[in-house]
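There are two complexes below, and they share chain A, which is joined by chain B in the first and by chain C in the second.
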Partner chain A sequence: MAILEVKNLKAYYITHKYGRSSTVRAVDGVSFEVNKNEIYGIAGESGCGKSTLLKAVSGLVKPPLQILDGEVSYNFSDESLNILSLNDDRQRRRLRGVRISLIPQGSMSVLNPVRRIRKSFEDVVYAHLDVSESEFEEMVRDHLQALGLDWTVMHTYPHQLSGGMRQRITIALSTILRPDIIFADEPTTALDVVVQRGVVQLIKKIKEEQQNTLILVTHDMSIHANLCDRLAVMYAGEIVEEGDVQTLFSNPKHPYTSMLLNSLPRVGDSSPRASAPGAPPSLVDPPPGCRFHPRCPFAMERCRKEAPLLRDVGNRHRVACFLQEGGQ
Partner chain B sequence: MLKKYYIPRLIQYFTVVFIGLTLVFVIPRLLPSNPVESQLSRMMAQGQYLDPAAIEQIRETLQQLYGLEGGMFQQYISYFKRLFTGDLGPSFTQFPTPVMTLIKQSLPWTVGLLLVSLTISWLIGTILGGIRVSFPHSRLARLIELVIMGVRPIPYYIVALVLLILFAFLVPVFPMAGGYSMGVKIGFNARFILSLLRHAFLPVLSMVIIEIGGWFLQMRNVASNIIEEDYVVYAEASGLPKAKIVFMYIMRNAIIPQITGFALNLGFIFGGALITEIVFAYPGMGYLLYSAILAGDYNLIMGINVFSIIGVSTAMLVVDLVYPLLDPRVRYS
Partner chain C sequence: MNNDKLLVLDNVTKVFTKGQGFVKSKIEAVSRVSFELELQPPEIFTLAGESGSGKSTVAKLILGFEAPTSGSIYYKGQPLEHLKGKREFIRDVQPIFQNPFETFNPLKKVQNYFHDTERSFGSPPRGQYPLTERSLELVGLTAAEIKDKYPSEMSGGQLQRASIARALITNPSLLIADEPVSMIDASLRMSVVNLFKRLKEEQGVSIIYITHDLATAYYISDRIAIMLRGQFVEIGSVKKVLDNPLHPYSQLLQSSVPAPDPRDRWTEDIALSDLEAREYTRQGCKFAGRCPRVMEICQRQEPEHYRVDDRLVKCHLYR
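Up next is the complex of A and B:
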């Protein structure tokens, strides 16, 4: 059964300046389901709405971001709820860290710079659990040990750690309460490749041990190939293709997915990689019809007028492209 | 690591103080006027007859008093010697009262007035600024901001005069002028302290009203950057209680520049608050310095400068020494 169901989600950034309002349609009618214990990837170029989708789905919506339409329902083992209908801040706070957890971008400043790591752990644990100090210590010690991290980091400040170490600590902090769903937003960005590998393995390890569901957002297709069970490719605020990773990598149906995959380097192939021409469109005023048509090598007359719907082409593989509709 | 941080700062402190005091020594000696000759000519102008030998003797005594005997280097050495014993020479206009006595009379008033108003305005401005940012949708917080920002541009003397007219004249709950009621003995007794508080209330209030704005604005600007920081967003995503986020994540980080500002303002206390002192006829350093400048009382000006130099540099040193406790990132770098 699907632990997360997103239906027709529309999340726009709406700003008002001097009486004029401008709307950025960052997420425009997105629907997908994530199964329990699955690693679900969301891929796409920068500025295609991946991070906004993640914010909307995890309920971290703050102006100017607004949810205009849609439903985000969670089906946990003992309760089901629509996170967008929760108006009470307290109800949302209860979910965070415990049910839904976030691994943020691997950047410099995710941990409070003036607090020791231990304090950050205390903040998170004591916010949700009523435990004694020794129980807290045991809990954190076990968790760190399971992840191969040393207890001594607890006494340090974030600036004393390397970027990779900080990201590992952040991951440990995000998963200390064994959340049902983990959202990882570009967890490996800003890290070098060697550290990336360590972080990817760490995420895998946690997932195996805690048996939770992971939603992984990154533009890095190789991370997706490494980790994910299923993958959704986003373009200009919409999902253009979704399917399991193997099918998608071996048999991409959408021209945009093919473009992304063609730009990846391959072992043993030294020919220059083709880069996808152009850039994603402005989400203030997206092109009419299929949003990809200005960059699409196979664009037809129809693509300029009508927007293709996401359709199942068999084997839970969904594509939004007219090319897939009965031959041409 | 400690040595690396503290020792250079202590060296810097003493260097700055030394250079400042040297400038205080050099500048008046570059001026064309000479206090000894001025003093003598003033005595002569009063029509006293003095025989040349007596004049010479008076000149010598005066030179000794002003520290002007011997060559430059000798003067320089004796200047520092005198500083260490707390001797800043006599005041020119209130001869022969020593400068030190005049400063000692005014300094407690100024320190009391400015320290209290600075602390109160800093606390209120900082806390309200932090709250304004942490609760962007609260109507109360917005109203407070409106009031503070509305009051801020009013010229200080108008606020002071309005307070004086309202609460000392129309509704006479507070006294019009002075530092304490006449006839009350200065000392540690209830009557004096009560009188002191009553007299200080309006001056302090007027300064607090105006100064809150600056602290509020600075805190608001810093904190509104802090709430965009990843660690605040992440704290929210981890479901921390709002109070924890406000105090330990937003305010705790935004307060660092506030504390620097507070300490730097401490250093400027020695200049006094001239307009406050004039409007409320309150004793203090501002008026002392003002009248010294008007009367060309160089010794007194230099004496106040010595205090300012030491005050400002000590405040800077304190900021530097306290900073690592507030911001661990500074500690090891």
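Up next is the complex of A and C:
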């Protein structure tokens, strides 16, 4: 049973300025399912709507972001709910940290610079649990120990720690209440390769220990290759391809996915690599038909007029491209 | 001396002092760094390392933004601090910065940067900018594409190529590119990386490429220097160093580059450094605290550079 089901989600940024309104169609008709206990990756370039998707799915919807259509339902072991129908902030707050938790982007700067790390942990724990101080300490100590962090960090201020350390503490903070689902938004971006590897190592460890579901958003295909079970590739507000990570990397069906994978250089291979021509479109005024057609080497007349739907091509591999339909 | 060299760094050290009075502390951001670039053939030299390894400080020293605490830098045989013809140097050595959206003033049209540079380094005929057009052509842009555009109206890849084109107006012999592709999307990144390769091959421009991304470094560069806490721990040809790294730190770095292949995942766990400052002030080898092959001597004595298999390695293992 899928723990998270998203159906035809449309999340737009709508602003009104000087009598003119502008709409950024950041997430435009996205559907997917995430199974319990899996690592589901969402890949795409900056401005493709992946962070907006994460916000909408985790219920962090604030103007100018608006949900125009769609359903986001969670099926936890003991309850099911549609997060978009919750209109009371208290109800949402009850979910956060315990049921769903977010490892935010730019963890370098999410910790309060004038409070010791301990205070941040106190905030998170006491907001959700009614525990005594000694219980709190025991809980944090166990958690830190499991993650290989030292108790002494509790007494430090964020500026005393390196970027990688702060990132690990942010991850520890987001997972201390053992959430059912963890959303991670670019958790390794802006980190050095060695630290990045440490963070990936840590995320894997938490997942194994707490048996939760992880939704990982990053533009870095190599991180997806290293962590994910299934992967969705987004382009201009839509999912263009989704499938098992092995299949997707060895046999990508959408021209955008193969272009993205072909442009990645590797250590030990200096054969020429080209990048995709053109640039991602603006989401204010996306191109008609298939949104990738202006950059696609296989664009046909039909692609300019009609938008392809995400269709299953077998083995839970879904692709939104007319080339796949033509073959069937 | 050094007349056949484009650039020589001889034992360059830069010390930054923090605080004053009793709480003064010193950090050696760059520690006794030496390398040379030949005039011919042109070369792409990579400085690779983690953040805080001092690679950007090296760039600032070469550009003359910072003066070295000790050691000297020679440009075409002349010491940098007593350079005759500073203007010539500025014309010849051009920087390219990390984030193209910060390089350009958001309120200034991109073309004005080109026109200003061209006017101050040449004498273009009125209303015409031949050098601008030529350099835009080199990076695959046209004057029409940047005409009357503000930086916000261009994509990151386009803007970074514009930033490179601006540097090319003066016909430089050396480009200092500090993390030029880290802010650019994956699908556009290779267009900039390929451009560097082409500039070297077709225009004879040497490039100092500063990055933490070993995959692109392997792809474009000729030689690489791996930096750790201000020191070069391994220098040599990029194929040798990255195909078969000798220094334990280079080995860690190389094995930590994630492969874009789900069949090739990390399986081993690694030890992480906790405090940067501790490594900077460490006696002996800076990597001793994390090194899997640490020996007793590493804790107290700093290793020399040893020549092994056509490269220099700063490690006691190769004594």
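In the analysis below, the second predicted complex is superposed on the first by the 321 of 328 C-alpha atoms of A that agree within 3 Å, B and C clash if a C-alpha of one lies under 4 Å from a C-alpha of the other, contacts with A are read in each partner's own complex, and residues count from 1 in each chain.
Just so it is clear, a contact is a pair of C-beta atoms (placed from the backbone, for glycine too) under 8 Å apart; a residue touches a chain by one contact, two chains touch by 3 or more.
Just so we're clear, the structure is a prediction, and the values are computed from it rather than from any experiment.
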Simultaneous placement of chain C and chain B on chain A, clash or fit: fit
Partner chain in contact with A:89 - chain B first, chain C second, else both or neither: first
Touching partner for A:223 - first (chain B), second (chain C), both, neither: second
Contacts of A:181 with chain B and chain C, given as first, second, both or neither: neither
Partner chain(s) touched by A:54 [first = chain B, second = chain C, both, neither]: neither
Touched partner set for A:104, first chain B, second chain C, both or neither: first
Chain A: partner with more touched residues, chain B or chain C: C
Partner chain in contact with A:159 - chain B first, chain C second, else both or neither: first
Chain A-centred angle between chain C and chain B, computed on Cα centres after superposition, in steps of 10 °: 70
Nearest Cα pair across chain B and chain C, whole Å: 5
Contact residues common to both interfaces of chain A (with chain B and with chain C): none
Sites on chain A touched by chain B in the complex: 58, 60, 89, 92-98, 101-102, 104-105, 107-115, 123-124, 127-128, 157, 159-160, 170, 173-174
Partner chain A, residues of chain B touching it in the complex: 229-231, 233-242, 244, 248-249, 252-253, 256, 326-329, 332
Contact set on chain C toward chain A in their complex: 50-52, 155-158, 185-191, 193-194, 212, 214-216, 218-220, 242-243, 252-254, 256-266, 269-270, 272-276
Contact footprint of chain C on chain A as seen in their complex: 45-46, 150, 162-165, 192-198, 200-201, 219-223, 225-226, 228, 245-246, 249, 256, 259-261, 263-270, 272-276, 279-280
